[in-house]
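You will see chain A twice below: alongside chain B first, and alongside chain C after that.
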Partner chain A sequence: MAAPLVLVVLAAVTVRAALFRSSLAAFIAERVEVVSPLSAWKRVVEGLALLDLGVSPYSGAIFHETPLIIYLFHFLIEYAELVFMITDVLTAVALYLAVQDFNKVVFKKQKLLIELDKYAPDVAELIQTPMDMHYIPLKVALFYLLNPYTVMSCVAKSTCAINNSVIAFFILATIKGSAFLSAVFLALATYQSLYPLTLFAPALLYLLQRQFIPIKLKSKSFWLYTMQYASLYLCSLVVIICLSFFLLNSWDFIPSVYGFILSVPDLTPNIGLFWYFFAEMFEHFSLFFVCVFQINVFFYTIPLAIKLKEHPVFFMFVQIAIISIFKSYPTVGDVALYMAFLPVWSHLYRFLRNIFILSCVLIFCSFLFPVLWHLWIYAGSANSNFYYAITLTFNIGQILLISDYFYAFLRREYYLTHGLHLTRQDGTEAMLVLK
Partner chain B sequence: VCTSRFWFNYRHVANTLSVYRSVKRLGIPDSHIVLMLADDMACNPRNPKPATVFSHKNMELNVYGDDVEVDYRSYEVTVENFLRVLTGRIPPSTPRSKRLLSDDRSNILIYMTGHGGNGFLKFQDSEEITNVELADAFEQMWQKRRYNELLFIIDTCQGASMYERFYSPNIMALASSQVGEDSLSHQPDLGIGVHLMDRYTFYVLEFLEEIHPASQTNMNDLFQVCPKSLCVSTPGHRTDLFQRDPQNVLITDFFGSVRKVEITTETISLDRDLAAVESKFPKDELATEPLKYAEQLPVAQIIHQKPKQKDWHPPGGFILGLWALIIMVFFKTYGIKHMKHVF
Partner chain C sequence: RGMAAAALLLLLLVAGPGPRRAGAGRERRDALREELLLSPLPTGDVAATFQFRTRWDADLQQGAVSHYRLFPKALGRLVAALGVRELHLALTQGFWRTRFWGQPPLQAPAGAELWVWFQPTVTDVDKAWKELSNILSGIFCASLNFIDSTNTVTPTASFKPLGLANGTDHHLLRYAVLPREVVCTENLTPWKKLLPCGSKAGLAVLLKAERLFHSSYHSQAVHIRPVCRDASCLAVSWELRQTLTVVFDVFSSGQGKKDWSLFKMFSRTLTDACPLASQSKVYVDISPKNKEKELLEVTPPPTSVHEAVVQGDKKTYAVYDLLSPSLFNTSRSLNVQLKWKRPQDSSEMPIPVLHAQRYVGGYGLQTGEICTLIYNTHPYRAFPVILLETVPWYLRLYVHTLTIITKGKENKPSYIHYQPAQDRRRPHLLEMLIQLPANSVTKITIQFERALLKWTEYPPDPNHGFYVGSSVLSALVPSVIAMKDVDMEQSPLFTSLFPSSDGSSYFVRLYTEPLLVNLPTPDFSMPYNVICLTCTVVAVCYGSFYNLLTRTFHVEEPSRGGLAKRLANVIRKFRGVPPL
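Showing the complex of A and B:
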């Protein structure tokens, strides 16, 4: 399996190198869908230049990256293109290995459940076989590397690529079962952008499952393991934050990075939902609505944890998708990360109901974004409402995609345990409805 | 400069024309006056007495006579045009009458009236000039040697805010009201139907009517015009940027064009050495040493390049801590036995 992966990696690197050399690089680097105030390369360069002039990069509202990024790019700024290409490749390889391991886990679990007779007799066609699952890791790497969103993110040198790679390594560490590494990478991911905090729950659930610790609130081993994992995570987070203090000898980065993410002062349009609302809101409501919008991101964790406690990796997928839809400054790079996982659930294809219309919506909206931006900003014949409409449609498309996958997943699980041909009490065929 | 349009701002046009009239009467020709009126009151369809602009009720004084030459009229009175006139950045096609052709020996009087607020003056109900812009324009004038001394009079609400930001030398400023106060208008004329003048300018006009080209009245008297009892608002003035003592500044230095002419019958040969000729001129009352233009620009600082800053390096403790952590994580995951592979 290594050879096709190497081939895919080479193809991806070629595409990116070609785009870097072309004139499109400058055009893509300033598109608001690809870069946000949090991840723009222009701002990283500006911050490092300010540092060279002896000024803290966090003074003023330009630079919102964490000190570790400053450290990374201080030495690597000459090779920035290479760094981003390598980051993408690393992410893809991490995802590849993670999904490979995950497939083994799924297969083992399936075998166990078949032997325990937990499945209904007529669900043979729903069971995944190793033959089907053989190419999934390659497809995941392919989906990530050759996704136009990822390519654009890489060409724009958006630091979203680094966020994605940290999250990918976190997923790899979790699936391999190493609680320590998983906690360290989760702390790094949270440190980079605040939202991966919500990935704590699925990671914990997966590790508990791996250790065969039942998830009961009364169980002592459950609480013990949770405390261990939580303390590992919190300690590493604290250590990383304290270490960042020593880079510039100031705590300036906390309001600049986390305060910025949470309070959304910059209302540059992006593909998210925050900017339009807050542009037209009265000042005295903005605090309330900022809180509402931010809680919206974190809110789905607990209900999903309760519903999906047997399937933590799917939970992780849904959680990553929710983060990238509802975060304060989303870019297409975040979208690319969860889209990379779609091949893992390709066995759900027969249960997806809206996949055609949703893919059409997503593709159309991706093309309409630059068109309406041009009409609004340059031609002056549209206004922000047009762009906002496309943002809304794009996000609705994403949300429907996730909920479609969610429904398909649950439906498959139900069929697995209750049989494919459901009948009501009186013998007629029954329909499964998501309540 | 009158900056307001519409019939009910009749008084602003009347204010400006009153000062214009005084200034012309005291000897300054039209070629040396730039008059900007934002609206036409004399020929306004609502004017019951066409071709006149009165400044006193009972129609005692028509300030719109036969020889009023308006240089910027109606929509030409904009902030941009005003600043261009002041700084001289005018397109080459502008006629001479629309230019301020001053040099470094000219004393300039600027009178502005209209609606204003704290720090701004409204032009034509659509734009504003701020006190900062005005101060910067005056500084440009100073650096381009477009004035010797400048007297700035403003009659608007909160007029004192407009001269707060001046920082160029040789400027004296008067305003009709302090920050937070409104300038009020004088009586209305029931025959015309609007207020004819603003109080401050009314009393300034009364004061100026007493001045003739040879009068020795000085600026301190102008400062006393329109006390609070008559004007309701408190007029303000600013003289800290002015080199001479206001006591010694004649009104006619700004409002009139007065030349001291001495008739002599002896022949004077104009030779290179002008020292003998200079002693005939009255001594300047400059107490401080005259400001030279060259000192305005900090040339020494500009020419001197700043030494390049040293590049920033992350502190050693940080690098040490980071790599120690990374190595710790590495060995915790993979175990100590792999150390021999590393080394």
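Showing the complex of A and C:
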């Protein structure tokens, strides 16, 4: 299994190196779909230049990266391209190992449920075999490394790649079962971009499942483990934030990074929904809608936790997707992260209803983004509504993709327990509806 | 009894004017000097600079001063109440073309510019600044109330005090420029009202709005500063200078002919001096250009000829003293006329030692570049210049893209002070000390990104663009001829505004062009539509997830019949087709 992975990695590195050396690198680096005010490389360089001038990078409104990035790139600024390529490779390797482990877990669980006769008799074609699952980790690594979104993010040197890498390591640590490492990486991911806070729930559910602790609210062991994990997480977060304080001897980074993420003052266009909404918002309601949109990212966690408590990894996938769609400054790098997981659910393909239309929508929108941007900003023959329309379409495409996968997942679970060939009471073929 | 009354009257008459000359008694001495400088410019235009200087030997800071004579009460009360040490306000329309017109005696940027030094006793400088700009807005009928934290900066090196100063803590300095401000008659009228004689006598009778605003450049300014009362500098006097510079264009005002006269410029002539003025003079610059004999002839013959070294050059002025009795002997009015003896070669235009220009580079509405070109045309002397740029927050400057290139090589500034902007709170401030080598062009470029603003933050005409205020260049330019120390009381007013530190260089403050930059605009007709559409997308997600989370799969029960199905079955029975 290692050799094909190495080949994929080599191909990915070659593509990235070729693009770094070409003239496309400068063009990609200023595309608003690929970089956002939170992750642009130009702003990292600006922050470091401000530090050289003796001015705190957080005294202005340009630099919104965490002090960890300052620390990292203070030493590695010469090798930035190498750093980003290595980050991508590390993410892919982490996802590869995580999915490999996850497949083993899935297979074991499946075997257990078959032996316990929890499955209906005629669902043989729905059971995943090791042969099917053999190539999934490689496909995941391939999907991540050769996804055009990832390649563009890497060539643009967007720090989103670093965030993705931290989340990938968090997933690897969680699936391997190490609560400590999982808490540390989750704290790091939250510190970097705040929204991975919601991944606490799926990680906790997975670890509880792995420890065979039943998820009952009255159970003492459940609360004990939850407290342990939560305290590990909070302590790591506090340690990381205090270390950041000591880097520049001020708390300025908190309003500059987290205040910026939450209050969305910068309305630079991106692929998300926030910018135009707040550009056209009546001033009176601005605070209200900022709160509504931010709550929207966090509030799917509890219902999803209740519904998907038996399937925490799918929960994690849906949660990552929701973060990528509804975060305040999304970029295509965030989209690439959850798309890397799609091969893991390839067995759901037969239950997906709209996959063709949705993939067409996503591909067409990706091509139309730069076209309509050019028409608005450079040619002057379109206005902001055109770009906004593509934003809406792209986001609807993503939302329907995720809900399609969710539907397919739930449907397969129903068939597994109730049988594939359903009959009605009078013996005729039955339809399945959601009621 | 008549004799006693006459003696009493005589006593009163003699004693009457006494207290006014007493000086250190209850009333303070104040003096007005007025002056007009006419300088023909190399391109055929003519520049007229009026200066009205009121000096008052009183200390406005301590002691309640209640009797105002020449010094306007509005400004005196302002200085006393808000703890102002120096105030400089300029309202300008047009742009002084340094390259073609030469070094300006006193330049101001287009729009409104206000810079103030506060006394160290002022505790809340920002509050005092806000109050000051509002009060000045009322006095001068200008929209100075738009001055707020988004266009105010605190320069550290550029605007040193021009009057007496004990120490210079730059936290007491505030500078703001409103490039969009328009100057018109309603700003001129309150400015004229501050003059002791108003516009009724003296040089101010020439200030008629219909001619003054039909010009290439019109700048009116008010400068208040403390000065030494005498050579020992033991006491402080307050000086108010009101200056007005106007440049008349040879084609629009001069009908294409280069011969100028007071009547042609102002449609008025001078009839007398202001009775309250202690000095009232008209200076005409008759310096020979290119070391030739005088080409310029002035009529009537001047009272005297004055020679001075001004801005590093030896200059000759024809002086008309309006207070000398011989001036109005032959005619009741004075109409100074400038005639050229023979056509001047326009090929030999002298180039000023320091001039600059600024423009925006780049295309599209995403990024851009501010380029400033500074020219040092001195053949062998290099000198440093301080450049101050104030850029609004919505043009996000990237200081790592700042490049300064002189003669093809990089030129590192010896001092940089950069204060980045905060969104909607303060602008960018960039101050640099750059060494200009002799006979060189220095190009300074910095890239910026254009922000998308909220729809309510755009002005009524958003596609007109946003103005970026002029950048300020302050330099001590080496002079060709050594200059003597200037005695404030004896020399003409136009030589004594800027303090000179030594005779080998003179202080010059130049302003570059203001910039007009377009920003990307949202569609202003769409707020409700955008809110609805975006909330629809969020609702699609919410709806799909709600369905999937709260509903479960069921085998579909055959529905006994909806209304449509029953109706369809009825129709089928009629047709004879089997029912659904």
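Heads up, the rule we're going with is that the second predicted complex is superposed on the first by the 432 of 435 C-alpha atoms of A that agree within 3 Å, B and C clash if a C-alpha of one lies under 4 Å from a C-alpha of the other, contacts with A are read in each partner's own complex, and residues count from 1 in each chain.
Please note the rule applied: contacts are C-beta pairs under 8 Å (C-beta built on N, C-alpha and C of every residue); 3 or more make two chains touch, one makes a residue touch a chain.
Please read all numbers here as calculations on a predicted model, not as lab measurements.
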Overlay on chain A: chain C relative to chain B, clash or fit
clash
So, A:Leu53: does it touch chain B (first), chain C (second), both, or neither?
both
Does the superposition put A:Val184 against chain B (first), chain C (second), both, or neither?
first
Touching partner for A:Ile399 - first (chain B), second (chain C), both, neither:
second
See if chain A has more residues touched by chain B or by chain C, and give me that chain.
C
Based on the superposed arrangement, let me know which partner A:Asn249 touches: chain B (first), chain C (second), both, or neither?
first
Between chain B (first) and chain C (second), which does A:Phe277 come into contact with in this model arrangement: first, second, both, or neither?
second
First (chain B), second (chain C), both or neither touched by A:Met227:
neither
For A:Leu420, using the defined touch cut-off, is the partner it touches chain B, chain C, both, or neither? Pick first, second, both or neither.
neither
Overlap of the chain B and chain C interfaces on chain A comprises residues 53
Which residues of chain A touch chain B in their complex?
51-54, 68, 70-71, 74, 178, 180-181, 184, 239, 243, 246-247, 249
Over in the complex, which chain C residues touch chain A? Could you list them?
363-367, 393, 396, 398-400, 416, 418-424, 451-456, 520-523, 526-527, 530-531, 533-534, 537-538, 540-542, 544-545, 547-549, 551-558
Using the touch rule from the top, collect the residues of chain A that touch chain C in their complex.
30, 32, 42, 45-46, 48-50, 53, 55, 59-62, 265-269, 273, 275-283, 293, 296, 300, 303-304, 306-307, 322, 325-326, 376-378, 380, 383-385, 388, 392, 395-396, 399-400, 403, 406-407, 410-411, 414, 422, 424, 426, 430-435
Touch list for chain B against partner chain A, complex:
309, 311-315, 317-319, 321-322, 325, 329, 332-333
